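Look for subunit A in each of the two complexes below; its partner is subunit B in the first and subunit C in the second.
Up next is the complex of A and B:
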């Protein structure tokens, strides 16, 4: 049985302009000790999805199923969910300052979490908190327990957040853009730390990011999200070697890359993402896709196996699926075709 | 609408010499010890040829933005000299500085933090023309249309308000505003860092095109090494307020000579799982020291794996190690054998 089994998850917000479906029809599974990358741009629904798993968006109407250790998290009573949150599943956010209490010492915040979830005594919890700070690479952990969040640098604060997430030895950690605000040398430190921790503890990790570079080096599988939907899903090696969805090509071609010839201009994705208050009929990417045909406007493609990559490579694109008589396949070579 | 720009290719357009910027720290009853000023930029010197793109790259707190702003006297540097087209800027009266700003403009990371959100986009683009007293009303209206087309905005949108635009479109508005008075020198401070990658590529390409079409000299300030590589002719790497390496762009990426530059480049994640698996980033220990208490000698020595007693005793000067590279290090990395081609603009 997979550790996490998300089936047809949707999240809808009621707004003055009508219903906004931020996440729609998302399904994936994760085993213990594996790392999943969720990639997408602003508004793609990646953060809302993580918050749904944590049960942290009361304002959204959730649909589908989130299977975790035999339970459906969407139908658990609040009290059970509170026990799971923090002890079995933990989340780390982009901005540690919005998650840490500025007027309490880091030590107090850590020991509070440990005591709440494990019932440890105060001295036991303090010893464990010190040990956690040491684990995440904070120098002089005993002294730093007495410091307040503002006395830590950005990178060190993110380490404190990781220590908090590890406090109860969760089996699943959700990390939402946790290195985005960090400088590149500090990002490298934090990513190396996460890798060590997940390998040593066999913790499953969901890494939500806009950075395909971070995904390439630190995940086993990848979901690419666009307009609230998963548009491509494969192992990390497969996705980068044989990207099949034109949106994924677009992302890869629009990135400035240090491993490419810089004399060639970047190939941006023209246009803007769909308005989820009024999503387009058919494929959500078609307005920006240079391969779009009539069928893309009239019928929405499902997430289905790519014609030339049978197996576990799923794509939401008529042009790469050999089904339903779409009658055409685009770019079966492994590179993005360029326009004449 | 352009001024009398220099055609003399031999003389640099911009000459920065020993530029330093200090921010005074107020004395209070709670804080009456320690340094009296924070030195954000120390003894920075470089020159820029006309039409060149020089990038200043560094991490938060390295002083890169302060350097760019000090060149435009926003605020003026504490010491040092900035000569623009041969004119020493510190010798100018405030009115003359303002006149010179017609030629020196700035693009910001958040273009609208500095304008009134209740102004229409057309008014935002027109404002610099009014400030500098350029053109009659009808001429200014024509110029707004011209500028909006130039940066890829529909002129019909000029009556719209900032909140109706996406982040990428807003940055185009910021670029149009900077270009309104016809500058030939632009400081662009992290202009694409807040944008999603697909939109970021649009703005990078726009900047590259405008630079060519308008023959702009561009001082590009950024932390993202991949973006910097895409746009630059030369790159200066700053650490704790000082340039520690300055080199021709392809040379810097292929053969970094300062250990810090090498570590920075190795820390950039590549979107290629095989390449990522094959390499080990150089993990620097700790963080950049506070500019309130900089280390003696080399600013990078506290995190450098090659540091020797000499590095604490003496600060290495920025000195040429090859025709393409100047580096401030007692023990620079050896030069790599080959430098691949792919230069944006052969000079």
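Up next is the complex of A and C:
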């Protein structure tokens, strides 16, 4: 049985302009100790999905199923969900500057979580907190426990957040854009730290990011999300070697890479993400896709195996699926743009 | 600069605040020790009525011959007690209601805030009058009436504060660690709203002093012969043309206290609001 089994998850917000479906029909599974990258631009639904798993968006109507350790998280009563949060599933947020309570010492925040979930005594929790700070590489942990968040630098604060997430040895950690707010020089350190710690502890890790570079070295599998849907799903190696969805191509082309001709300019993806209040009828990426054909406008493609990489790769694109009237992108090398 | 208390560094910058603080301390000392400082029993008739200030009676005697100074000193304590208790009632219940309304939203929010709107629809003094009409006149009921009247403003302020705070990342982060509602409220919301609530409380203290004076003036607050500033003005005004000091002295006492409280409230706000601090502080 997989550790996390998300099936047909949807999240809908009621707004004054109508229903906004931020996440639609997302399914994936994760085994213990594995890492999954979820990639997409702002508004693609990736953070909403993470918060749905945590049960932290009361304003959204959630559909589908989130299987976790034999329970469906969507139907668990609040009290049980609260016991899972922080102890079985933990989350690390984007901005370490604002995610810690500024009026409580770091030590107090750590010991609180520990005591809340384990019932440890104060001295026990303090010892554990000190050990956690040491684990995440904070020098002089005993002294630092007495410090307030503003006395830590951004990178150190994100380490504290990681320590908080690890406090009760969760089996799953959701990391939502954890490097976005950090200096470039610190990003790699924090990622490597999280990776090492989760591997050591056999903790499953979901890495949510807009940056394919973050996913590259640190995850086993990748979901690419666009407009609230999964548009491509494969192992990380497969995705980087044989990307199939034109949106993923766009993401790769817009990212600087060591292994490409660096004299060529980076290519941005033109246009804006679809309006989720009134999603387009056919393929949601159609308006921004230079390979789009008529069928893309009339019918929405399903997430289905790529024709040339069956079994390894799921794509939501008519061009790479082997079905009636489709498949014109099979075998295309996206690095040499063809006028479709 | 070390981590100095922002209130005291604010204090150092402004001589007006310093003066206000000194006066406030004097008022407080009088409130605390008035009965020991007072030369006479404030309820005893000691001499001829309406005597001018003299060495024996520094501020003269009132319309039936009691010592005005002693009555003024005793009255300070009454004013303080009323202001603090009434504001306390407003702060505690208002903050609680505002917190619940913002935190649980939905029906709780609608019901609580509509109730507050109804209370707000009455002018402050009128509401106090209505409550006293129900409960009967007296010091205790006056405090309750003034306190209840201030609940809606406290509740609205708290609700606004908490609504803003609930979207803060650290609240979400605390939830993601499994914190329950009470913990979120007590550790992650209330401490952050306190600064604003305290500043508003100082303004409310001043208002409570005024309202109590008003109620006593109307004979609905502190009952004679217990001395109160409002009551002293009420009886004093009958002799305004002949002995104006009888009304002017307690009037000045009220004005002074309110003035001082407002200045301190402003300084407190500047000290607690980091934006204000950044704007007013010269670059060093």
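Assume the second predicted complex is superposed on the first by the 321 of 340 C-alpha atoms of A that agree within 3 Å, B and C clash if a C-alpha of one lies under 4 Å from a C-alpha of the other, contacts with A are read in each partner's own complex, and residues count from 1 in each chain.
Following the convention adopted for this analysis, contacts are C-beta pairs under 8 Å (C-beta built on N, C-alpha and C of every residue); 3 or more make two chains touch, one makes a residue touch a chain.
As the structure is a computational prediction, the values presented were derived from the model and not from experiment.
Once the two complexes are laid over each other on the shared chain, residue contacts for A:164 go to subunit C alone; subunit B is not touched.
In the overlay built on the shared chain, the residue A:11 is in contact with neither subunit B nor subunit C. Judged by the touch definition given at the top, the superposed model places A:267 against subunit B, while subunit C stays out of reach. Of the two partner chains placed by superposition, only subunit C is touched by A:91; subunit B is not.
Contacts of A:101 after superposition on the shared chain: subunit C is touched, whereas subunit B is not. Between subunit B and subunit C, B contacts the larger number of subunit A residues. Only residues 168-170, 172-180, 183, 187-188, 191-192 of subunit C touch subunit A when the two sit together in their complex.
By the touch criterion given at the top, residues 41-42, 153-156, 183-189, 191-192, 210-218, 236-237, 240-241, 250-259, 261-263, 265-270, 272 of subunit A touch subunit B in their complex.
Contacts from subunit B toward subunit A in the complex involve residues 59-60, 166, 168, 196-202, 204-205, 208, 223-227, 229-230, 249-250, 253, 263-277, 281, 283-284, 287, 341-344. The touching residues of subunit A, counted against subunit C in their complex, run 54, 56, 82-87, 90-91, 93-95, 98-104, 112-113, 116-117, 161, 164, 167.
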